[in-house]
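Down below are the structures I want you to see.
Two complexes come next, and they have one chain in common, subunit A, joined by subunit B in the first and subunit C in the second.
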Partner chain A sequence: MASPLGRVLRSSTTIFTFGSLDNADLPAFGALVAAEVGPTWVYGLVYEVVIQDDPFVRQVVAATEGLTAERIEDMRQRRQVPVEITALTVAYRQGDRVYQRLPPRPPAALQPIWACDETTTAQVLADFAFFRTVLNAAHCPSEELLAASLRRAAACRPPEQEKAYLLEAGRELARLLAADLPRLDAILRRLAP
Partner chain B sequence: MDDLTHPDAFLASLRAEADGEDAGARLGRVVAGSLSSGLEVRLDHDRRLEDLAVGRYVVMKAGGRLFFGMITDIALDSTHPAFEKTPPDLDNPFLRQVYLGTSAFGRLHVSPLLELDEHDRTPRPVKTIPGHYTPVMTASPEEVAYVFGAEGVQRDAAGKTAHYFHIGRPLEMEDVKITLNLERLVERSSAVFGKSGTGKTFLSRLLLAGVIQSDVAVNLIFDMHNEYGWAGTSEGATRQVKGLKQLFPGRVVIFTLDPESSRRRQSNPDEVVTLPAERIEPEDLEMLAGVLDLHEAQVGAMYVMRRRLGPGWLSDFMNDDWVDAYGSQDPEALATGLKALAEDLGLHQSTLAALRRKLDRYWRYEFITTRSGERDSVALILEYLQAGRSVVLEFGRYGNDLGAYLLVANFLTRRIHQRYVEMKERAFGRSSDEPKPLVVTIEEAHKFLDPQIARHTIFGTIARELRKYNVTLLIVDQRPSGIDPEVMSQVGTRITLALDNEEDIRAVFMGVSGGQALREVLARLDSKEQALILGHAVPMPVVVQTRAYDTEFYRQMGYAEEEELEARFQQNQALMRGRQRHRLT
Partner chain C sequence: MLELRRLLDDIEAMSREVTTSRQGLSALRAYGLDALARLAVVNDALLDKIDRAAAEDPSWRGAFPLGPRLDERHRPQVEPVDATLIGVDGSQIYPDRHGPFLYYLINTGAIVLRQGSGQAPLTETRPTLVFREEALYNEDQELVDNRVVNAARELAEIREMALQATAERERLGGELDRLLIVLGDGPLLIWVGEKDSRDREVQRRIAAYLAELDAIRRVGAVPIGYVDRPRSANVLRMLHVAELDLPDIVTENLRATRYRHLTDRALFEHMLGPNERSALFTSTATINRVDFRQAGQEIAFFYLNVARDPGPDAARIARVDVPVWVAEQPDLLDRVQMAIYRDCDGMDYPYVLARAHELAVVGQREREELEHMLTVALMRRGLVPMPSAKATAKRLL
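And then the complex of A and B:
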């Protein structure tokens, strides 16, 4: 964890959005990110990455001439507008314990956001209580998000546990979504290794 | 005699409740149900229905108790009806693994049978059920063996001495012996049911061997097809199996109705049965009304004759010379012969003529004797019974004659029962003076116990009066539905081999609380040598693979082959000689 992914632009009880100027190292969809909030760590799943335009980009896009690969790369690196990344809050940690529920307070503005390593990801997503949080989230491609984050979490485990973890998650989903088969089926298909 | 042993393993398992997480044996969890209708168990996702079977025992540990149940039905279920209508994509291995056992799962119906308390480890009928989500496990061999009690002489749950007889083993448990409490078996009437060829006779002979060996009761066996006494036939490779007399030469006597047939079969009969005609009473014939097609008027006529003509009524009535000569002594008589007899008795001549015609065939049976002063078979049989010896009555060729079978069995049993009633009443409750408990075995029992005649026959009476007079029945039959429901409800222990007729299956459960749940179990027995046992002699219903009636069984009953005896003799002699030599030196 050399440098943070970015800093909080805005946040709410359920989501937080942070800005990043580093276009090359954007977190993946479904990745787990963390922010420190007083004595707790708040965890969220990345579900939206927005790259906004600015007058300069507009100009360059309009002027089709002289657009070398080098120049494009240079412009990407030196943008004035940050990439906006939004994460869905799913858990927090207090001391050694991870709670899969909403944290008491969201991250404050300008708090640094960190990517989580494999151990942390496996630990934070070991339990399945966060399924409901994801499934119930509005304005978020919840099926895709859940599948993506579970696959990432599985990959963070020792190879011999990967499949068992996915199966267990699949069965938990089957339980939760017993009454909504199309949705269940959609997620399971995305989950299948 | 040891006390009921409490295997440590069993106790440990009862204590290690631990929410039943000792993996491996767990099948699923209780999800619904009631005491009356049984428990619903949702199968764990890693359990395959294909590995289960109705009739198998399960245990549930909850609240310091161990509940025993039997799987009585198996079903498919799903969390949503759409799983039936639009099955998910099962070609995808992942989806398949998730859905099967989770969204689409197996369900068991379990009938609760017994409960054991941690402190008082006596099996008792269930009075409550395990709570929601109690883990359900396959019963271990130790647990099953514990409930049934070890083979041999033991103290039963009530502290009484009891003989536990090994009758078979549970399905899929090789080394467990299922035992029957013989005292309880003979305490009330019992039954062996099953369609033809399922092993009723073999199983009954097995039971009777147990009863004779343990001396729990004496037996009177109406051996319609000559299978119990000296030797029985087998469809198996051995062709012939040993009868009770060969196994217990000192404790069994063979009576025969047909000495010629017995000799031919070399069955070494001890006595020949005769029925003195002068002792035959209308009651003995009345129950043959169905077989003989006797009308009410004809039955009535027999009673009139008995009253007016005295004990010799039947011999006289069937004697042509006597009938022809009737009335000829009386000069004033207007008629002679049957006509005169009819007029004297106030009956129609046609009634008498028809009666004579119908009785004629019976009259020609060789075992009916008209000579007076014949030895009385009833007294002789009773003598043997009271000396503790069981009596097998071979019918020889009469076995195929239903009339003969009914007549003889009814004739003898009525009188023997009568004597038992007298003896019992004379004993005034002093058990030492009471007659030895008697079990009367009848094959084709529905012929004696069908609702039309059960009220009139001695067998109906015996079944209904329970053990009041120390006489009970062992009913062997292939048509339980043909037996009077009232009799059926008094049958204490029911041992049922395969049956396929719906009515028969229903009849077996008549008067058994919770019996309906076992229907599926019964309907799915193998066509041979598998039995469902329920009732008085077992702590809980059980499906067994019946014990083989073979040389091993003979040996366990104490039978030794001649070569073996010879070898033992030689051995003993050698031993004695050795001792002598020892002394001499």
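And then the complex of A and C:
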């Protein structure tokens, strides 16, 4: 966790949206991010990145002749229209223990949001209780998100454990989605390397 | 509530009048262009007439040519070089006697754009909250009016221009080769009524303004006042005077100009091609000829077509104010013009000024947030600020 990705714009028990002015270092879809809420850390999976426009940026885009590198960087880094990134809350940590369930409280406005390193990602997503949280989230592309987060979580483990982790995840998915084979198939196809 | 149907006749009448007026202005413009060609050579007789007009009526604002011809058109032939452009703008919240508290606010926005660097520009805003009673009331214990706030904003803007120019030159390690241009939105010459110009407070204001212009010059930066869509008619007033005989230059005749309602811009839209500038002039305003000149900061101006496409319909004329010490260096002026023209690419307006405005502007929502914060701060101290009954009633509508 080197520097914050941005700060919370709004949050609820299930999701939090943060703003970032740094277009160059946006978190990837499915990446795990974290916010400190009192004695706990709240973890979420990035599922939506929205780059807003406004009349000024439209004018600059339309005027392709004057689109210099300085103007592009100005628009990306300095304009007061932050990139909005939304994460689905999947877990929290209290002390050394990680709970894959909704946290007691969501992050407060302007709280810094941090990217999670490989060790944290591997720890937080070690169990599969968060699958149900993702699969039940109607407002996000849950199959895509689950597959992306699992691929990332697997890559954060030692190489010899990657395959075992994905196999275990696949078994859990098969159990959860036994009655919904098309959905299971969609996720498993997206898990393929 | 505006009952639009009750304005239908007026709208019709207005459109008729605007059309007729345009036709009249078109004939006037043709006359003006002809006069500019006929009277193009600048001679002592013309300069005497201008001086006589300025002496006869100090409120007369004419153009005093700095070059040999009035109809000069110039497109720089120099290769464009990367410059650093600093744009500065300001905005304000005026004091509102119906509001919950008395204050005014000045906010300046600045952007430093280094052409050719590929870097994101530097940006900065600087808000100033004015709330002390001695600043809110004049000597007669009346609440200061908008002119006082405008003057404070004008001073804040030139201070920001000087501050940013100095900081950028320091960032360059004092290296003077890099062209540094500081643009403000609006005239570089501050407006002071003739009656007020000797007032002590006004003199203090002028001195403070001139000190900032000096600071900009000391760091080798070029201050620019950029006026988009100018409404000025200094050149036309000069043309009117040029056609008068010297003894006829009296106040009454000065005001009876044939070019009423026509602007210089209308002339130059038909004269200047893309990236062409007009001849250079100075304003005959007393403040320019006395205060600014004595300080070595007399302001000159030229008109510039910042459009990319040729033709009067496509022309985008701006008035560009520069100190005479810049106007006297043709090479420098060419490089400045090239840099401004380049910054207008894609917008027909300097990008740095568009961004400075965006940084400076205080929206209604921000104003409400500020007043909410002030309310909370006062409530913590046991005070409950209330707007007037009128303001409260208006907010309910």
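In the analysis below, the second predicted complex is superposed on the first by the 187 of 193 C-alpha atoms of A that agree within 3 Å, B and C clash if a C-alpha of one lies under 4 Å from a C-alpha of the other, contacts with A are read in each partner's own complex, and residues count from 1 in each chain.
The rule is simple: a residue touches a chain if its C-beta (ideal position, glycine included) is under 8 Å from a C-beta of that chain, and two chains touch if they have at least 3 such contacts.
Keep in mind that this is a model prediction, so the values were computed, not measured.
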item: Contacts of A:68 with subunit B and subunit C, given as first, second, both or neither; value: second
item: Contacts of A:31 with subunit B and subunit C, given as first, second, both or neither; value: neither
item: Subunit B versus subunit C as contact partner of A:174, first or second or both or neither; value: first
item: Which superposed partner A:150 touches (first subunit B, second subunit C, both, neither); value: neither
item: Touching partner for A:45 - first (subunit B), second (subunit C), both, neither; value: neither
item: Contacts of A:5 with subunit B and subunit C, given as first, second, both or neither; value: neither
item: Partner chain in contact with A:88 - subunit B first, subunit C second, else both or neither; value: neither
item: Subunit B residues within the subunit A interface of the complex; value: 45, 79-80, 82-83, 86, 88-89, 92, 94-95, 97-99, 102-103
item: Subunit B contact footprint on subunit A (complex, rising order); value: 166-167, 170-171, 173-175, 178-179, 181, 184-185, 188-189, 191-193
item: Parts of subunit A lying in touch with subunit C, wherever the complex brings them together; value: 56, 59-60, 63-71, 73-74, 76-80
item: Subunit A-facing residues of subunit C, complex; value: 111, 113-121, 123, 308, 344-347, 351, 354-355, 358
